[in-house]
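Structures for review follow.
Look for chain A in each of the two complexes below; its partner is chain B in the first and chain C in the second.
Right after this comes the complex of A and B.
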């Protein structure tokens, strides 16, 4: 394994001026630091870091660079990629019991399966391997659960476990190397239908930015009907051929994932190399990459990685992830510059991330006075914390993780609230919400209250040795004490990365007093913390 | 580059059309409610809406016969008494629309197409209708189940959760303290909105004010508001009807997965469609009876008089059986509108010998070679017009099927 870190070897090139550049105002340094920390580490910045950038705004760059070599970057990239790969499903065609797992492992089972391709991609990205490894890698990442149920063996020579215990592994079922495309998690999500066509379409969409489903198709019924079956239409009817001419040969290269029985655990967890030759029989074609014959599935990874669309698509995907909006034609010039930086770094993702975080688009905090109003709808000058970000930063602040019956409540929709807090949840919704609403407010309220109660109990009602939040007060402290005001100010900076003015500190004190009168100081502090977590400044950045 | 919807929104009406500003509504029946029933997976319209007897190229239900009730022609079968019963009771208020083309054969794409009229990210018809309704609705659009597409109007959608999670969020552990917290949250949201500059910060701040305000109102209602996800189609619809009756919601969507929830996507065993339609129409009859029993706004008006029930499926089934006695996907489907504002007792459009939707005269509803081939945009425009929302603000290339509207 090659680990290449090119940070600091070259300054990211300044991107060209764009309509965005001319029309937005940048975030102040503390808020930029907050955004960087949330995007690259999934955490809030420390008070020391905030102090540093308040003293010297240029210190943001150096702090950003440390984030790009922080182990938490890999964790964060799992979530960034999850919004696009959409492999975090709540159910697959098989269930935990079929693999001999307990019902209590149901969440861990579905979460692990959906997580696998994300973990592999994030590992490749964060470790600075060339991004082409996402198409070529002989490894995957696995946790203990997957190692126990899938044909996998640990590969310690490839590296250590990440912060969540996922470690390099390889499949033992003779599947060819092929990075994310050849993982069970990716196949489970996309391979269910119609001779691997969905699998192929996903590969094209996610790694070439060529979405077969984007094209509206005007069918000629007579032509379809004349075929007697749709399968024949894919080869004969021109409007069908226009997609299937390239889609089907790509699908033919993925027939090792073709399942005869989609509900059989052995069938769906193993690769079937003998089925790689089924293309002519089920799809009427042999494997090919956009017109170029593939000698075998083993050649797929190189074909994907060598496709001229692969690198520009990677730039688009990561730009989408950090800009928090789809890219469009107006972004062309900036994306081209980012691609130059990415290629100069031998496709090491940290370098691309560094360049992305230098863009005006990323650093935008507001609109210039003369900015066209429509720009406000386009540029994410403020964006919502995603479900994983909310879960992680609330845990960071308070120690609270919302888990019920073993299910992470912000990571599922079976009994949880992932969709309701704005997360993508296929098949209901494939989009991470960018707008706030009633349902999200209700979830945030419950999260805030439970988290606040947790941290108050841990740090004020019990003597915590290393308090996260309450560093200067105890249950005897009241708004009449200087320590109270100082603590509130600290909370403002920890939670919002902003200093609260006197009026706001006074309002929080008033809330504290009102609640304390009703139910005592512990409840009062819990209300203060909950109120801060419900504030726009917490759940957006 | 803006999406088509963004261009349409901002082009003519400037600031007032920006997503986070309450939109100007076209004159129209904005009091009308909409209950969407989505039969996900692809129904076989030859089993009810479009019998194609005598066409050897099309495999229909061999155990059915052509029937006509009150202007509605349909495939009638002893195994589906609920279908006939429905048309006998409600046919006069029902409009079947045949031959609506969707532009894909993939479920995910067809679902987006039939509910939004586009392949791009866009708001679905229920969300747009909700946004175009009264601005003081507590729960403008209630999502019980099924797909959900949002772009500008995500804030209109209230999600109950697949397992009915929303009520658990409404339960208050300490009313007094939570009231203090809620009041504080609303105050801070207003302060943030007042100081926010232009752009997303302002948008989110405004959304926060609205959300906190509605949160407080909803919690005050407490147990009066039942948000039960329900076990059956009729039970779920009853939840929506209750919200309509209380003036809390304008739109709602439920997904119907057929008899025993095994799904409409009958690639094998297509005769399951019979049980699915029986279950569907039985449920629809219960829904309409429930709506009729509830009060609408105004003297002597029932909720049934003010609610449009919209029954959809994202695709049809291939005209011929495959090797597994099933049917594959087909891009020409049907829809059914029942109730308020609907010119009932008719079938608009038809399928030709190739099971393709024939062009339709949008004014008369009759098939006409010089007419318009129906697409999802026409269906959407019809729904928006029924709801008093100007379709031109949201759909650039389709007009309403005037023949379907009273």
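Right after this comes the complex of A and C.
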């Protein structure tokens, strides 16, 4: 294997191969619109948008372009990046009380710390700044809570607050500019391993797609432990050197985040510039970027942004986010084309997203008749709604947000169900599920029940000024009325972006009648909505 | 085999030719590095300013474990039985023990957080450990921050005291003289001897103060080997960081002076000289 890799270096880079068409069938326009809307805005399409693409399927393109400049894109990218950055941890080494916050702020504290690097990256991406800023920016994004507890000051000259109140800010503790890498949220998630090595490995993985943990090294941990000198082994034992030769110099550049007391709120919130010189003492090396000496940590951002792996990795990361699967060698040609488009747009992420949504992979709705059997294992022709998508869309449809004691139930695993519904729960589980399962079905059942009851109570049992779902019926409407059938069709389009045929509308009417007979019309409508929310056409896209 | 190759190939970033073409260092699959496009980080300070800041900061001395422990003990002994409620079971040194509090005394001392201070004095030996996350406020408005770990171990015989120490974390007490009043964050590893007439000190790590951030790499002072105020006895380095994050480095050749070649980012800036007299005082510990 080594021989092959070395030979590869000696050859000039081959021109990208022309992508071959995937053996897939495209989604119908309304479902493509639904996919785009969920991916780029985190919402379902409106009935007017569905009308537009039903009348003219080509209207999808213009609607997609409006989504790419929609303020909700930034919110959505927070969730897309969260699946990869894995900074939304439920616990950190310090808690809200240590910062003088109320117990009621515990969830907000945890969520804010975990979101800081995501908000910064999403801001850079959605605003069309060159993606290199994710490694170089002098700013971060902060909300009021973080501004009150971390060494930050607002930077209004850099931009306005986003839809959630996060706004540009800068650290005041002498840390160098360095984008996401230099944020507290990123450091809190990754700095706890010995001498910033975990932090360095995360930088390499997330921004270079170079995962040290995937390296094909084999060693006998027991015999190394028996030697007792692990630090020396990192510099002397060949199998250890194969990673640590480049990992440790990178870690040395991040020692400003090294903590001596991980439970002290100021120690873990402040950057410590004097520790930038600790490399020779604690790691036996000075800061360097894959063999190139770094004069200071301040040079790290430029080194990262200038690395030839940085841009291709960004393409891989966003492709993974929108294709909803890891990329592999078979994607090489398509990714190379995407990179060309990305670079032509000066590394503006909206342009990359636009190109991604044009790919066969993105638009796949099913396998072609002649598709090889293995293709079904690779291409996601249907994608599961992620935990944050599910929470947002259910709220959009019904007004229901599942919150208990201030904790969003689909956004944590302390007293919530994020993991059960298929979300990652870092650091214990770092994988977002791509397949439906029993625990997910259980959470959906409960979510659908409460959401349906909420919207029925708000819109049929009281007079909602602007109903979300029930625009044409009241509790006296029955299946014998034309308005009933029209309302069911509206529900089909709003929840599934599909028109239900007569038989399916009949099934829903039968469900309504059976429940109404036993428990009344409010329960009947709630049952219909709950059934639709538990249907695969709602929770996949 | 094909699957395994693909997996590794992508982990290494094949789309631009693979990590093997980019990395340097002695890894078995690593070859010559391709130079990243990089903007040099321009220093904010001139060379002269860097030396001035370095010299001024060194004049304050450097944090030292026994001095810090004495300051801490003095502060915690200002408390009352219930504030901070120092638990002294087994402790023989005043101020040693453990507390966890959020309180203020009648005399105006405030205690917030927690601390453990152990100080074991034996026959010819002493060990100190402070593990803490506290803020103590004094009646004059001074703020004593202690978040981190202080370690010290010494042996004493007829020839003097030999010791090792560490000050790691955020330790500093605003309003106090010298380094204690200026320091805000430390990562210092110290090895010292005190033979009365002579002393030596080896320093690694760094310290940040309100005015400057310093670093030490193998700085070795030895008044037995060298005369004068800056007895640099073997090659070592001093570093000072400017406000933009650029490090100036003073390479001391170990010629019994505080003078050496100054550089920044690999660029030579002539020679600089500093006084290290106050730094050597740390070798003698708390008087």
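To be clear about the criterion, the second predicted complex is superposed on the first by the 510 of 541 C-alpha atoms of A that agree within 3 Å, B and C clash if a C-alpha of one lies under 4 Å from a C-alpha of the other, contacts with A are read in each partner's own complex, and residues count from 1 in each chain.
One rule holds in what follows: a contact is a pair of C-beta atoms (placed from the backbone, for glycine too) under 8 Å apart; a residue touches a chain by one contact, two chains touch by 3 or more.
In this text the structure is predicted, and so the values were computed from the model without any measurement.
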item: Side-by-side fit of chain B and chain C on chain A, or clash; value: fit
item: Touching partner for A:435 - first (chain B), second (chain C), both, neither; value: first
item: Angle at chain A between chain B and chain C, C-alpha centres, nearest 10 degrees; value: 80
item: First, second, both or neither for A:472, with chain B first and chain C second; value: neither
item: Chain B versus chain C as contact partner of A:215, first or second or both or neither; value: both
item: Contacts of A:30 with chain B and chain C, given as first, second, both or neither; value: neither
item: Partner chain(s) touched by A:185 [first = chain B, second = chain C, both, neither]; value: neither
item: Which of chain B and chain C A:523 touches, first, second, both or neither; value: first
item: Touching partner for A:328 - first (chain B), second (chain C), both, neither; value: both
item: First, second, both or neither for A:241, with chain B first and chain C second; value: second
item: Overlay on shared chain A, then closest C-alpha pair between chain B and chain C (Å); value: 6
item: Chain B/chain C common contact set on chain A; value: 214-216, 328-329
item: List of chain A residues in touch with chain B within their complex; value: 198, 213-222, 224-225, 228-230, 326, 328-330, 365-367, 371, 373-384, 413-417, 419-420, 422, 427-431, 433-443, 445-446, 449, 507, 511, 514-515, 518-519, 523, 527, 530-531, 534-537, 540
item: Of all residues in chain C, those that touch chain A in their complex; value: 4-31, 33-41, 113, 131-133, 145, 147-149, 168-170, 185-187, 189, 204-208, 213-218, 239, 241, 243-247, 264-266
item: Residues of chain A touching chain C in the complex; value: 1-2, 4-6, 8-9, 13, 98, 174, 176, 208-211, 214-216, 238, 241-243, 245-246, 249, 258, 260-261, 263-267, 270, 272-278, 280-281, 288-293, 295-299, 302-303, 306-309, 312-313, 315-316, 327-329, 332, 335-336, 339
item: Contact footprint of chain A on chain B as seen in their complex; value: 1-2, 6, 10, 14-15, 18-19, 57, 101, 103-106, 108-109, 113, 119-121, 139, 146-150, 152, 154-159, 161-163, 165-166, 169-170, 173-174, 176-178, 180-182, 184-185, 187-189, 192, 197-205, 207-208, 210-212, 214-215, 218, 318-320, 322, 328-332, 352, 354-356
